[in-house]
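Look for chain A in each of the two complexes below; its partner is chain B in the first and chain C in the second.
Entry: the complex of A and B
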C-alpha cells in the first residue's frame, strides 16, 4: 500500500508540475490584464487557439520553439481584439470574453482539423532527477523548460509591478482610471497593451498543452483551464508569485485522476476529473468574499464587485 | 431597458409621425432590432471574406444554408428540432440577465437534466407504468436537476459574492463529469460498447412528434416557456422587480425589493429551462442519456440570448435562425469540404461583432424621440 502511495505521490508531483505550467502562463496573463482594470474571460479561447497554432507551426517548421512563439502571437491577436473592442464605449469586457471564447475555439477547430493526425516535434524536457537512479522519480521530474520560463516570468512580473514605471502605470490604470487620466496616462492604450501582452502569455500556455511531451493537438485539449485561471488569479490575490503556488495546487488536483489511474484505481475516473473544477469552485467560495481579496483587487475591476 | 423589443418587430411599418406617442416609441424601440440585424449582416460579410480567402464560395455557403435549414419540409423539421433546445438554453441566459447576471453554464444544466430524466425512466422500463405518470416525473426530475444546478450559482453569488459567470461554467464542467461518471460506470448499458450510454428509455416513454410539423414536442414546450417567461418578465411585478434589480441593485435594496429571492428564483427558473431541454433531448431525440447530450446547445444558447437582447419573445426567431444554421452544418460540411467547426467560426464572428455593436446605441438620431412629446 505504501508503495502505491509513493507511486501516486510521485506521479502527482510530476503531474502537478506538468499540469500547472499552462495555468501559470494563463494566470500571469490574466493577472497582467486584470491589473490594468479589465477582465479577459476569452483566455480559454486563446489557450485553444495557441495550442493549435503552436502545434501547426511546430509541425510545419520543425521547431517547437517557433510553435511557442506562434501560440503567443495568436494570443496577442485575440488579446488586442479584446482590448480594442472593450475600448469602445459601453462594450462589456466579460461579454466580449465569452464571445472570444467562441471565436478562438471555433478558429482553432476550423484550422486544426488537418493537424490532429501528424506528429509535431515536442519541446525538450529537462531531466531533474535522473541522477537519483529512481526510474519513477526520474520519469516524473522530466520538466518542461516552459515551467522554468513561467516561474521566471512570475518573478519578473512581481518585480516589475513593484519597481518599474511600466508597472506603476499598469497598476494606476487598474486602480483608478480617473487618477490615471489625471496623470496623463492613456488609459485605453495601456489596457489594450496589457490585454495583448496577457494574451501572449496565455497563448504560450496554450502552446505548452500541445507541444509538451507527450501532448498533441486535439479538440479536447483544454476544458476550462483558461477559465479556471481567472478564478486562480482571484485566489492568488493578483500576485504573480502566489499565482505560481496556486497553479501548482491546481496542477496537483488535475493530476489526481491520472495518478490514481496509474496504480489501477479506475473506478470514478470521471469523478476525479471533476476535482479541479470542484477545487476551483471551493477556492472561489473561500476567496471571493474575503477581506484580503477585496483589499488586493484592482479598483476598476468589475468581477469582484 | 429592452422591454419594448417585442413590439418592435413591425418596425418597417413605423411612419414616425411626430407627436404620435406610439409611433415614436416604436421608432425608439426599433433601434434594438435594427442594430442587431446590422451586426449579423456585418458579421456575415466578414465571414464571406473569410470563406473567399480560403477559396470557398460564400454564395454556395448561403445556398446550402438555405437548402439545409429552410428549403424543404424536412429541413424545417430538422431546424425546429434543433431550435427547441436553443430556445430553452437561451432562456437560461436571458432570465438571469434581467437581474444583470451572466450565466453561461446552460450546457451542464442541460446534460444533468437529461441524465436525471433518463436515470428516473430506466427503472420503469418494462414495468408497465403508464407514460402519463412516468413522463411528467422525468420532466420534473430534469427541471429540478437543472434548476438546482444554476440555482446553486445564484446562491453562491448571493451568499459569498462568487462571480456567477465563472461559477456557472465550472458547475457545468462538474455536471458533465458527474454525468459521464454514471454513464461510464454504475448506470452503463452493458450493450453500449462504442459509446457509453444508459439503458434506453424505450418506446413507451419516448416523446412523440407534434401533428403536421414532424417536430418533437420540445419545440412547443420551448415556445410556451419563452412566452410564459416573457410575460413573467415584462408584465408582472416579479419581472418588474427583477429588472429594477438589474438596473441598479442598490436602489432595489433601498426599495426593500427581495433581491435574494429574486436572484434565486431567476437562476432556478433559468436552470429549469435548460433541464427541460435535456429532458426532451433524452425523451424525444436520443432515447437514452449519453455524451451526445453535450452537443453545444448550451453554448449556442448564450449567443442566441445576447442576439435577442435577452428578450424571451425575441429569442424565438433567433433560435430558429441558429437551429437552421446547425441543421445545415452537416450539408455544408459534406458539400463544401469545410470542417464542422465552420458554424462555430460564423457564430464567433456574429458574437464579436454583435458585442462591438453595443457601442452604436444612442448614436443614430433617427431612433431618438425628438422633443418631449413622446414621453408623456
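Entry: the complex of A and C
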C-alpha cells in the first residue's frame, strides 16, 4: 500500500510540475493585465492559439523554441487586439474577452487541422533526478525549462511591481485611472501594453501544452485551463508569487486522475480528472466572498467597481 | 507675525500668479466673465463664492484644464502659456483636488516617487528613502510613508496630497475646499502650517472655500466671485463676514433661522440599540451605535466623513445589512423594509439623492410615486397601475414644492441637484411623518435651496417628527439640531444638547479625543 502511495505521490509531484506550467504562464499574464485595470477572459483563446501556432511553427522549422516564440507572438496579437478594442469608449472588457476567446479557439481549430497528425519536435527537459536511479522519480522530475522560466518570471514580476517605474505605473493605472491621468500617464496605452505582454505569457503557456505536455496538438488540448487560470489569479490575490503556489495546487489536482490510474485505480477516473474543475468552483465560491480578495483587487477592475 | 519675505521672493520660493480679464464661455453660458485677481508671491489668498459662481472654472483655467476665451495668465509677472496641467506643474503651480489623487494601494513613499516626472526605470529604494527622509525633515507635517494610502485617515491623505505637491517643487498651491474631509482641529493645523510657509515666503496659496471662519483666521486677502464675475475683494482685515456674505449672494435675501417651536419632553420614537454593520470590504463601519430620538426633536450626528455615518444611514434606509443590534420605533422592532417604512411612517432623504433615492432614468412623476404607486388610488388590486392619479399627484407636489422641471415625464436625472432634492423631499414629506432620516441634505446646493430645505426639515420637527440629521457640515447641525451626537470610528463618541456644547468640544470628539 505504501509503495502505491509513494508512486501516486511521485506521479502527482511530476504531474503538478508539468500541469502547472501553463497555469503559471496564463495566471502571470492575467495578473499583469488585471494589475493594469482590465480583465482579459480571452486568454483561453490565446492559450489554444498559442498551442496550435507553437506546434505548427516547431513542425515547420524543426525548432521547438521557435514554436514557443510563435505562441507568444500570437498572444501579443490577441492581447493587443483586446487592449485596443477596450480602449474604445463604452466597450466592456469582459465581453471583448469572451469574443476573443471564441476567436482564438476558432482560428486555432481552423488553421490547426493539418497539424493534428504530424509529429513536431518536443521541448527538451532537464533531468533533475536521474542520478537517484529511481525510475519513477527520474521520470517525474524531467522538468521542462519553461517551468523555471515561469518561476523566474513570477519573481521578476513581483520585484518589478515594487521596484521599477513600469511596475508602479501599471499598479497606478490599475488602481486609480483618475490619479494616473493626473500624473500624465497615458492610461489606455499602459493597459494595451500590459494586455499584450500578458497575452505573450499566455501564448507561451499554450506552446508548452503542445510542445511539452501533453505534447501534441489537438482540439481538446486546453479544456478550459485558460479560464481556470483567471480564477486562479483571484485566488492568488493578484500576487505573482502566490500565482505559482496556486498553479502548483491546480497542477497537483489535475495530476490526481492519471496518478491514480498509474497504480491501477481506474474506478472514478473521470471523476478524479474533474478535480481541477471542482477546485476552481470551490475557490470561486470561497474567494468571491473573501474580504482579503476584495481589498487586494485593483480598484479599476470592472468586477470590483 | 509679519511677512518680510513677500517683497523679495527668493528664486526657489513662492511665486506670484495673476489672471488678467479671464473669460470662459461654455456655449452661450459665460462661466467666467472678465475676472482679474492677483495673488502675490507668499500670499494666502481665498476665493469665495457660491456653487456655480465660477471658482472652479477660474482655477481650472489657471491649471490648464480649460483654455480661457479671453484674458491672460501671469506667473511671476511674466505672461505664461499653460496648455495643460503638466505646463502648470512645470511652472510650480500645483492643485489639491477635493477628491484625492493618491493611488490607494500604493504606499505613501511609492505615491510620492511615482508622481515625479523623472522616475528612474529601476527605483533604488534605499536612496529614495534617504531623500524622502531629508525632504520630510523640512516639512511641517509628518505622514507615515510605509503604509498603503488606503489605510490612512482622511486628514493624513490630505496632508500627503499637499506634501506631494511640495515634493514636486510646488511653489504656488491651489487648494479646492481642502478642509471638507477634516476635523476642525486638523483643518486648523494644516492651514496654520501652510500659512506659516507663506509667511516664510516658501509658498503662495490660493484656496477655494466657503467657510468664513477659515477665511478670517488664515487668509490675508480674498476675492469674491458671483455668477462668474468678480464681485469684490481685498484685505480680509478690512472686511466683515456679513460684507463678504453679501458680496457672495448679492441681493438675495439672507436666510433666516428656521423658527423652533417648543416640543420638549416628548416620548422616544426612534431607538437605535447597539447597531453594528460592516462596510463593503468587511471592516466594521458602525460599531455599536446606541441613540434615541424623541418626537419633535432633531438629533444631529456630526463627524468627519468616513467614520461610519454613511453606513449608519444606509442601515436605516435598508441599503446595508445589520450585523448586530435592533432598531425600535415606539418600542416596536423595526425592520428597514418597505412594509415597515409604511407602517411606522419612516421617511428619508439620503445623501446624493439621485443615486440613493431616485431612479435617474425614470420620469419625475414616476420617481415621485415611489412611496405610493402600489396603493390606491394609483393602483388597483395592488398591481394594476393607472397613470392618471400618479401624474396628478406628481403635478400637485411639483407645484407645491417648487420643483423646476421641463415636464413631469422628463427623466429625473435631467434636473439640477437642488430640484432632485426638492422632488425627493416632496415625495418623502408630503404625508404624515413620524421618523425622518436625513443625510447631508444641503450638500452642493445654493443659498436659496439650502434655506428652503432646512425650513422643511424644521417644519417636520415642529409637527412632531423624530428627525435624525447626519451632516458633515457642523454649521448645519448647530443651526438645526436640538441635540448633537458625534460619530467617530463607528461609535457615538459624544452627545450633548446643542445649548450645552460648542464647536471646539465637538471638534475634539470628532478627532477622536
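Heads up, the rule we're going with is that the second predicted complex is superposed on the first by the 301 of 305 C-alpha atoms of A that agree within 3 Å, B and C clash if a C-alpha of one lies under 4 Å from a C-alpha of the other, contacts with A are read in each partner's own complex, and residues count from 1 in each chain.
Please note the rule applied: contacts are C-beta pairs under 8 Å (C-beta built on N, C-alpha and C of every residue); 3 or more make two chains touch, one makes a residue touch a chain.
Every value quoted in this text rests on a predicted model; they were computed, and no experiment measured them.
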Fit-or-clash call for chain B and chain C when the two complexes are aligned on chain A: fit
Regarding the shared-chain residue A:163, is it in contact with chain B (first), chain C (second), both, or neither? second
Looking at A:282, would you say it contacts chain B, chain C, both, or neither? Reply first, second, both or neither. neither
Looking at the overlay, what does A:171 touch: chain B (first), chain C (second), both, or neither? second
According to the stated criteria, A:9 is in contact with first (chain B), second (chain C), both, or neither; which is it? neither
Please indicate which partner A:155 is in contact with in the superposed arrangement: first for chain B, second for chain C, both, or neither. neither
Taking the superposition on A as described, I'd like to know which of chain B and chain C A:113 touches: first, second, both or neither. first
With the C-alpha centre of chain A at the apex, what angle separates the C-alpha centres of chain B and chain C, reported to the nearest 10°? 80
Going by the contact rule stated at the top, is it chain B or chain C that touches a larger number of residues on chain A? B
Touching A:183, do we find chain B (first), chain C (second), both, or neither? second
Minimum C-alpha spacing, chains overlaid - chain B and chain C, in Å: 5
Going by the contact definition given at the top, which residues of chain A touch chain B in one complex and chain C in the other? none
For the chain A and chain C complex, residues of the former touching the latter: 162-166, 168-169, 171-172, 175-176, 178-180, 182-184, 291, 294-295, 298-299
Chain A-facing residues of chain B, complex: 102, 104, 156, 160-163, 165-167, 169-171, 173-174, 177-178, 180-181, 184-185, 299, 302-303, 306, 338-342, 344-349, 351-352, 354-356, 358-359, 361
Footprint of chain B on chain A - complex, ascending: 41, 81, 85, 88-92, 94-96, 98-100, 102-110, 113, 223-224, 227-228, 230-231, 267-271, 273-274, 277-278, 280-281, 284-285, 288-289, 303-304
Touch list for chain C against partner chain A, complex: 85-86, 97, 99-106, 110, 113-115, 117, 119-123, 125, 150, 280-283
